[in-house]
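Please go over the structures that come below.
Two complexes come next, and they have one chain in common, chain A, joined by chain B in the first and chain C in the second.
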Partner chain A sequence: MDLKFHNKKISGIVTVLPSKEVKFEDEMENYNFSSAKSMKLKLAMGYNKHRIAENDVCVSDLCSYGLKYLFEQGKVNKDEIDALILVTQSPDYFMPPTSNVIQGLLDMKKDMICMDINQGCAGYIIGLVQAFMLLDQPSIKKVALLNADVLSKKVSKRDRNSNPLIGDGASITIIENSSENLTIHGNLFMDGTRANALMIPAGGFRLPSSAETAIMEEDINGNFRSLDNLVMKGDEVFNFVQTEVPPMIDSLLHTASVSKEDVDYYMFHQPNRFMLQKLADKIGVDRNKMPCNIVENFGNASGVSIPTNITYNLGSEMLNNEYQLCLAGFGVGLTWASLILKTGNLNFCEIINY
Partner chain B sequence: MREKIISILNELRPEFDFSMSNNFIADGMLDSFDVINLVNELDTTFGISIDGMDVLPENFSSVENIIALLKKNGIE
Partner chain C sequence: MDKYLEFLKELLEEENINQSDVLTSFEAWDSLTILSIIASADEQFNITINSKEILEANTVGGLIDLINSKM
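Moving on, here comes the complex of A and B:
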């Protein structure tokens, strides 16, 4: 579906990354493959190092750390936040909502809305869409969008499909109404018939975790994982992205009457370098306009990858400049969504370490 | 072109004799990650960018199929 929003703007982004960095070479011995083959794959996919949260670090820790930093540095006034939207697939608890937990940890005002959204790789777009809709309420003037995941805890260390690329992290994006006459175009799609392409089979109410679901089994490609682990059907996901994303972007640009050349940067979700480069070629945009260096430096932290992309690759450039950005996320659900917006002159755009 | 393809395959998986197989995928000689490495090598060697939608196992299951894919990308 096509979406349109008026007079909304992003006013700041901060990414919170765990300090612990794990290198690909240090984990190669976990995989049931020759080191020569793994090293070739490292180059093709952009595997290098990734940020991993310590065992006792949860989503609420990363988010409250980032929010506290913004409050203490005077970058955001705590009492001005009217909504906390948390997009995560790794909440602290089944109940209560982790956004409420964060609100409580930071002693934020009670006259606000907190909500959790279960979304992944398209979670930044979904979160922005939700923020824009909330801002149509007269009593909501400022929204803090939290994207956060610590999914490394659910990935088998012996799964070469997923482990080298997974990353943990959080981002906080402040969204508010703008006095400028801005139009933001977007579109989004969902296909639940392909829901099992990316999933954690056990641990919910359908299949509770047990001794049986923890048994490690070898798949056809030599990876070991259990039903408690994240499983990604790599071929299906790759073909889904190559098939669905290019027409989505063409449609978005057409609706917004923006040419491919007029877009300064295509800040896309980053599953791996190979997929992004093929996507850039397919869409017909210069690979330099579609950065693909997040997985190799930090890993893929689902909905956090787009804000990490912006804070890492544009960073302080976003403080005094304005760019036409095309954002796109695609993955779990399956979900694919995109936005095109002029954004810049931010109050802050940075990465901090937890 | 054929010699270059066989050379790339041999470098990718030196433990296999690709002349002994009619289907590299079904015979377990190439997995999905090998296909990615193969695409990268073919892109670099022939100066092309194989369309992402063509990165399907069946297009890499034999030397003939790889040749057909390269021809589709303008390589003669």
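Moving on, here comes the complex of A and C:
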């Protein structure tokens, strides 16, 4: 469906990354493959190093650290935040909502809404869409969108399919009303018939974790994982992205009356370098306009990858300039969504370490 | 298809490949090879194939038949 929003803007982004950095080479021996084959994979996919949260670090830790930083540095006034949206697939608890937990940890005002959304790869777009909708309420003037995941805990260390690319992290994006007369166009699609393309089979109510779900089994490609682990059908996801994303972007640009050349940067979710480069070629945009270096530097932290992409690749340039950005997320759900918006003159745009 | 055979030779790191060669028997064969074949089918022929179909095609000749059947 097509979406349209008026007079909303992003006013700041901060990404919080765990300090612990793991190198691809250090984990190669976990995989059931020759080192030559693993090196080939590293080159094609852009695997190098990724950020992994320590065992006891959860989503609320990363988010409250980032929010505290913003409050203490005077970048955001705590009492001005009227809504806290947390998009995550790795909440602290099933209940209560982790966004409420974060609100409590920071002793934020009670006259506000907290909301958890279960979305992943497209979670930045879904979160922004939710923020824009909340801002239509006169009582809501400033929204803090938290994207955070610590999914590395659910990935098998012996799964060469997913382990080299997974990353942990959080990002905080402040969204508010704008006095400029701006229209933001977006579109989004969902297909639950392909829900099992990316999933954690056990650990929910359908199949609770047990001794049986922890048994490691080898798949046809030589990867070991259990039902408690994240499993990705790599080829299905690849085909899904190549088939669905280019027409979505064409349609978005058409609706917004923006040409491919007029877009300064295509800041997309980053599953791996290979997929992004093929996607740039298929959409017909210069690979330089679609950065693909997040996985090799930090790993893919699901919904955090787009804000990490912006804070890492554009960073301080976003403070005094304005760019026409096309954002797109695609994956778990399956969900695919995109937005085109002029973004810039931010109050902050940076990465901090936890 | 000659161009495609050249691509396969490069991908599989072989000097010569035959129609009857079993795909999984190549030294260089792995999940990345499968992904590269999927990507090249999309790029070169604008068709969608998946890993199950590639493995079922079994041989180099079978893979070429698979691609031809989708064009």
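In this text, the second predicted complex is superposed on the first by the 354 of 354 C-alpha atoms of A that agree within 3 Å, B and C clash if a C-alpha of one lies under 4 Å from a C-alpha of the other, contacts with A are read in each partner's own complex, and residues count from 1 in each chain.
Throughout what follows, a residue touches a chain if its C-beta (ideal position, glycine included) is under 8 Å from a C-beta of that chain, and two chains touch if they have at least 3 such contacts.
Since the structure is predicted, the reported quantities are computational estimates derived from the model, not experimental observations.
Of the two partner chains placed by superposition, A:52 touches none, neither chain B nor chain C. In the superposition on chain A, A:44 contacts both chain B and chain C.
When the two structures are aligned on the shared chain, A:221 is found in touch with chain B and with chain C. Of the two partner chains placed by superposition, only chain C is touched by A:236; chain B is not. Shared-chain residue A:62: touches no atom of chain B or chain C. Of the two partner chains placed by superposition, only chain B is touched by A:279; chain C is not. Shared contact residues of chain A, touching chain B in one structure and chain C in the other: 37, 40-41, 44-45, 160, 220-221, 234-235, 238-239, 242-243, 274, 278, 281-282. Residues of chain A touching chain C in their complex: 33, 37, 40-41, 44-45, 160-161, 220-221, 234-236, 238-239, 242-243, 274, 278, 281-282. Considering their complex, residues 12, 31-34, 36-37, 39-40, 49-53, 55-57 of chain B touch chain A.
Against chain B, in their complex, chain A makes its touches with residues 37, 40-41, 43-45, 160, 220-221, 234-235, 238-239, 241-243, 274-275, 277-279, 281-282. Across the complex, chain A is touched by residues 28, 30-32, 34-36, 38-39, 42-43, 48, 50-51, 55 of chain C.
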